[in-house]
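The structures considered in this document are given below.
In the two complexes below, chain A is the common chain; its partner is chain B in one and chain C in the other.
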Partner chain A sequence: MAVAGILFGCRKLPFVGETSSADPTIRQFQDEVRLAITKAKEGLDLVRVQAPGALSLPDASRDNRFGMAIDLDACDGCGKCILACSLENNVPLVTAEEAAKGRFMHWIDMHEAAPFMCAHCENAPCEKVCPTGAANHTPDGLSAMTYKRCAGSRFCGTNCPLQARKFNYNDSRKLGLSHQFNAEVPPREKGVMEKCSMCIHRLQEDRARYKTSSAAAAVVSGVPVEPWRGRGVKTACAESCPKNAIVFGNWLDEKSPLVEATRNRQLYAPRQLAKFGPSIVYMMGRR
Partner chain B sequence: MKGTSLQKILFYLGLVLFIPGILAFGSALYNGPSAWSTDARSYWGVPIALFVFWIGLAHAGTLLSAIFLALGIRLDHRTAMLAELSTLCCLAIAGIFPLMHLGVIENFYMVIPFADARGNFANVMSPLVWDFCCIAVYGILSLLFFWTQLKAKVNSSFEKLRKPVAWILFPLVLWVHTVVSLDFASTLVPEWRGAFFPVYFIAGAVYSGLALVNGLLCLEGYRVRLLERLMLAVSWLLLVVWLWNFLLKGDFCTSAFILAGVIPQLLLVESVRDSRAGRGLISLSVLFGLWAERFYMVMPSFGVSQNCSLNYTDLGLIAFSAGTFFLLFLGLRRVLASYVSDAGTFFGEVDGSDIAKNEIALGENVGHDSRDDQNKDSYVAPWSTEEFRLLRMPLLCGILGVVLFSTWSLNQNAFEHVYLTLVNILPVMYPIVALVAIVVLYLRYFWRNNLWKSTSKIERYLVALLLVMGGLFAGAFYAGGPSEPSPYEPTFLKETVSEPSLLWNARCSSCHGTDGNFNQKFVREFYPVPQKLTLDRLDSLGVDSLAHVILNGRGNMNAYLGRLTKTEAKALVEYMRMLARNNEQKNERDAVGEVD
Partner chain C sequence: MKFLVLIFGVVFAFFLGDFLWSQRSTETRNGIVDFIENDKIPFDHKMHGDSLGLDCAACHTGARSGSRALMPSKTDCMDCHRLPLTENEGIEKLDSALKEIPEHPWKIVGKLPEHVFFHHGVHAAAGVTCADCHGRKEGTGNAGYLSNSYGGEKFDMMSCIKCHRGESFRDRNFKKAATYCAACHR
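== the complex of A and B ==
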């Protein structure tokens, strides 16, 4: 029992050691992004893929499958997307030792000069091995995380061929490594896995707003409500890209900017992920 | 005499390893996975390597006592007891590491495929879930088996239980290690892939377990030739597997090959195997070699990437596991000394020459009219052995238990939302059969033979305490942790206090209907009928209490705290009242219309 008490209670003990009161500045985040670009991982091995279609999962939506396309002809690897993502999602900094090892918390990694984030695979290998069901799939095609249910076994990280998942080794708030720039996104606790969420908070916000206003409109006009398609939403990285190389949208919506941008383009995905049906793909060259 | 002084030295060595080890362990517990080094690719490190290593060692005892017993291979009690004791110690150590390596330890119970009060169900697609169930059952049954053996010394009616339990444990050992190998083989890490992994893991486990037992026998001052020969044979099997792995993937662990592949072949030299030091050193070399192999397997980028190196916590954890084993094993060995080296229990031989002689005699028998002899002595008609008759009913109960578990879990919510099939719960089926069967077997046997009397008072209290503890744990896991409302409100709610009609349509109308009457279709199909919102009822309840119900829920009504503010809830109450008034007027008008 004593062993059990020590095992389950000890990480809840009050923090011993230096607690930093100073929040990191944006400059520190910029410097870390610059450092991460110099320590870029090896290049992606891209293979041609078809445009993603409707999900074949049980419960999947027939209206929505969100995704992105990254135009490698336009992208110059400036890293602004990494910074924007960190500020939007309150991604913490890492300690100096971890930075030296190249172990950053950034949700977007540079593979040579190509940005790579979680591809939100249709048959995601990480979700299959998660013992608690914390890694799961939404009907809209996002590979989502339930942070409160994560036990931190890191099995999902092991099973992602491209290490898109990042583990919270440190309590970054207590070490003064994180700052909550965005009140919408909760900071993650120590010991849980996190990764690109495709800005799920923006999508959920838009959905709630749409349902509220359209339900009211339906009562007034009596016209049946059109399903929500997530029109007008953009992820932080797509918003921040100076060359508009990242396009966010809905693969199943003909009017989506994503479908329009990829219509005459050749699509690619990393070789290791191609067979799992990634929702985030790369485009190069005209068809 | 030499044996006991060596044991003393090892006990102090254990203490020397344990004291810094427990410090490292404490720091690792407190700091979490950042304390030890983790592989850049697999996020796993020394704890998992230690887990695989110690769970492998744990298989020796069950192999030697249960499988040998089931197959009728003669082994003296003393050796079997030592092996089983080492199994229990190894299992206890192996069980600690997968728990302590978690990022959020207190969430470990979410791995158990057992729905909690919120209807959450573990992802039975994950090998970790299978792993947890198998090892938990294996631990419980090993403990029971060991206890039965201890009791059998005092009360001979317990002896009858040993063989049926051994038959249940036999497949369970193989099952458990197959599942442990699936933790690795079912991932996408290239070094870990291969359909041969279960065989490879079982061979490695048996090999390391035999090396441990042989080492412990050296410590005791005697030897069992059978186990030495078995160890040599398994080393050849493992060499073949390593060769296969090398040809397939080009992976080769030189230290494991030399320490656990080449050096044990010295057992073929008579002068080496006859010296106690020689046997002890060979066992030690095999253990080191297999540890190195497990370690390089769990951390494939160790030594390849510069970012991966061992720190003091890693070394401390290794010392902790070894030190704990020495202390636990030698301590228990001393406590149970009367059981282990009692003259009455010792019917084996010191150097194995007896068994060898028997075997030679048997071999000579085979030469001539052996068939008749064997038929007379050892032929038993199918389905008629005593252990089968004892096991028949419990096994049927176990199978019934599995059928019940399968139907129950197939009805879980998770199976509707994810592609889960019966195949995903297949790996936990045998452990369930084993657990249920053995519980039924013991209860029935105790009941029939009135064995409760032979248990001591302490044992009865212990069982009662364990049952209460188990119940408390299960209850706590069922209830889950406290849930606090999320402090993160969507901004569109914060920006404006919304129009109550909009809120009503968005939040309430799905059940209560846009006009305040029920949404008939939805309510009838999915939910129990909510309370009628008549004007009388609303007036009788008051604004505050209704707002309280909206915010905190009641019965089937959901709580909206965090999604609605207090003022909005009050505004909704007013809106509700307006709708009720409208409905009442409408009803009156309708009634008047009918009269007209």
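== the complex of A and C ==
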């Protein structure tokens, strides 16, 4: 039986709760975010950390390390980032039974009125235990997921101290729990782990656009242009924040809004994550 | 001993079952171009491309700058064909055919799997020509447009990754490209 369990895992298990086959509306997503805020998880211990520097991984880029800083002095926990993230990344709803238990698919979790998502750690503990290599690191400092490689072992979710990874127990498309708002992001299948991607599709799009236009500019001017630094890109959560509490940018780029915003601020990270070198940190107080 | 064999047998049976009846991977999508009015306008790639010297991106908008190469609309054809271009008697036949065809005579049928990110512009900017990937028949060195053979190319991840690793197109001296998953997958 144990062998059967390992081989087939939970792919064959029945889902929890009742659903309708109707396409969910934006209002349902809004209601779910409101519910998620009332069921916020308990607060996390924050410890001081240094500003993230260049990655120490092999093949790491010397120009880019993308990350975010979340200003806890400005954030009032309104949850607009969660909704924006869900619509941008086609994050599915959950059934009423699961919602009652506080199990949501949202990539951003509220921990006592502060948003916490995957911190894209430099030495990510989740990537070390992935048996298929689906969880891997990009040279730009993103902890990426290759969904088609994911076999659903859920080791990564267990090894993440923040529990930032969410598992697709249901085929949410069949159950009428997901709606593809954004054609750029593929909906995840049943039996696949998902998490914050730091809006990787926006970065990919911008990199390709920059490389194309810069190659043309280099031919015209005869001078090689600067490497891509991801300037002007914003994640969905950073874009949606009414208080501008979430700042996205490049830790290695002096002109990045992220570096400017964190210059005179004290940086914090959850205690459990601090030793793994998170790329997403929290700001509180002036230095 | 019997117990060990039994366990091994059960495990092996599960692996065999997984191999035989497991979920298939996503099929390779290919770039077949469907000609709706194929019999009305036998478009000649060789004449437009080689004899007239038109760039592919002149009709396939976005091939050099965008993420996708698009198919021309009837208006794009009429930009040139509004005037009688040659004394050739075929032109009259073409004019009458052009009047009848719909606004979008061609459409793209195949498309990339949604978890793959491919940008035409980046590849063109890196010096890859259209004919490197499109229309080339196996075994012949000719570009596809010379023999008017287009469509039906089978692209899979192996053909991408071979070039990205620098294993194929050795004669072209392309720069090696990124091979980490998230460069092309999302």
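The criterion applied here is as follows: the second predicted complex is superposed on the first by the 266 of 287 C-alpha atoms of A that agree within 3 Å, B and C clash if a C-alpha of one lies under 4 Å from a C-alpha of the other, contacts with A are read in each partner's own complex, and residues count from 1 in each chain.
The working rule: a contact is a pair of C-beta atoms (placed from the backbone, for glycine too) under 8 Å apart; a residue touches a chain by one contact, two chains touch by 3 or more.
These numbers were taken from a predicted model, which means no experiment stands behind them.
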item: Fit-or-clash call for chain B and chain C when the two complexes are aligned on chain A; value: clash
item: A:T212 touches, of chain B and chain C: first, second, both or neither?; value: both
item: Touched partner set for A:R149, first chain B, second chain C, both or neither; value: both
item: Partner chain in contact with A:T138 - chain B first, chain C second, else both or neither; value: second
item: Partner contacting more residues of chain A (chain B vs chain C); value: B
item: A:I200 touches, of chain B and chain C: first, second, both or neither?; value: second
item: Chain B versus chain C as contact partner of A:G176, first or second or both or neither; value: neither
item: Which of chain B and chain C A:V129 touches, first, second, both or neither; value: first
item: Partner chain in contact with A:P186 - chain B first, chain C second, else both or neither; value: both
item: Intersection of the chain A residues that touch chain B with those that touch chain C; value: 3, 7, 59, 133, 136-137, 149, 183-186, 204-205, 208-209, 211-213, 215-216
item: Touching residues (chain side chain B, partner chain A) in the complex; value: 26, 29-30, 32-34, 38, 40-44, 96, 99-108, 110-111, 120-123, 125-129, 132, 186-189, 307, 414, 416-419, 469, 486-488, 490-492, 498-499, 501-503, 505-506, 509, 514
item: Contact footprint of chain C on chain A as seen in their complex; value: 3-4, 7, 59, 133, 136-139, 142, 144, 146-149, 183-186, 197, 200-201, 204-205, 208-209, 211-213, 215-216
item: Residue ranges of chain A in contact with chain B within the complex; value: 1, 3, 6-13, 57-59, 101-103, 125, 127-134, 136-137, 149-155, 157-161, 163, 167-170, 183-186, 189-193, 204-205, 208-209, 211-213, 215-216, 219, 272
item: Chain A-touching residues of chain C, taken from the complex the two chains share; value: 7, 10-11, 14-15, 18, 25-26, 64-65, 67, 113-115, 117, 119, 121-122, 124-126, 178, 180-183, 185-186
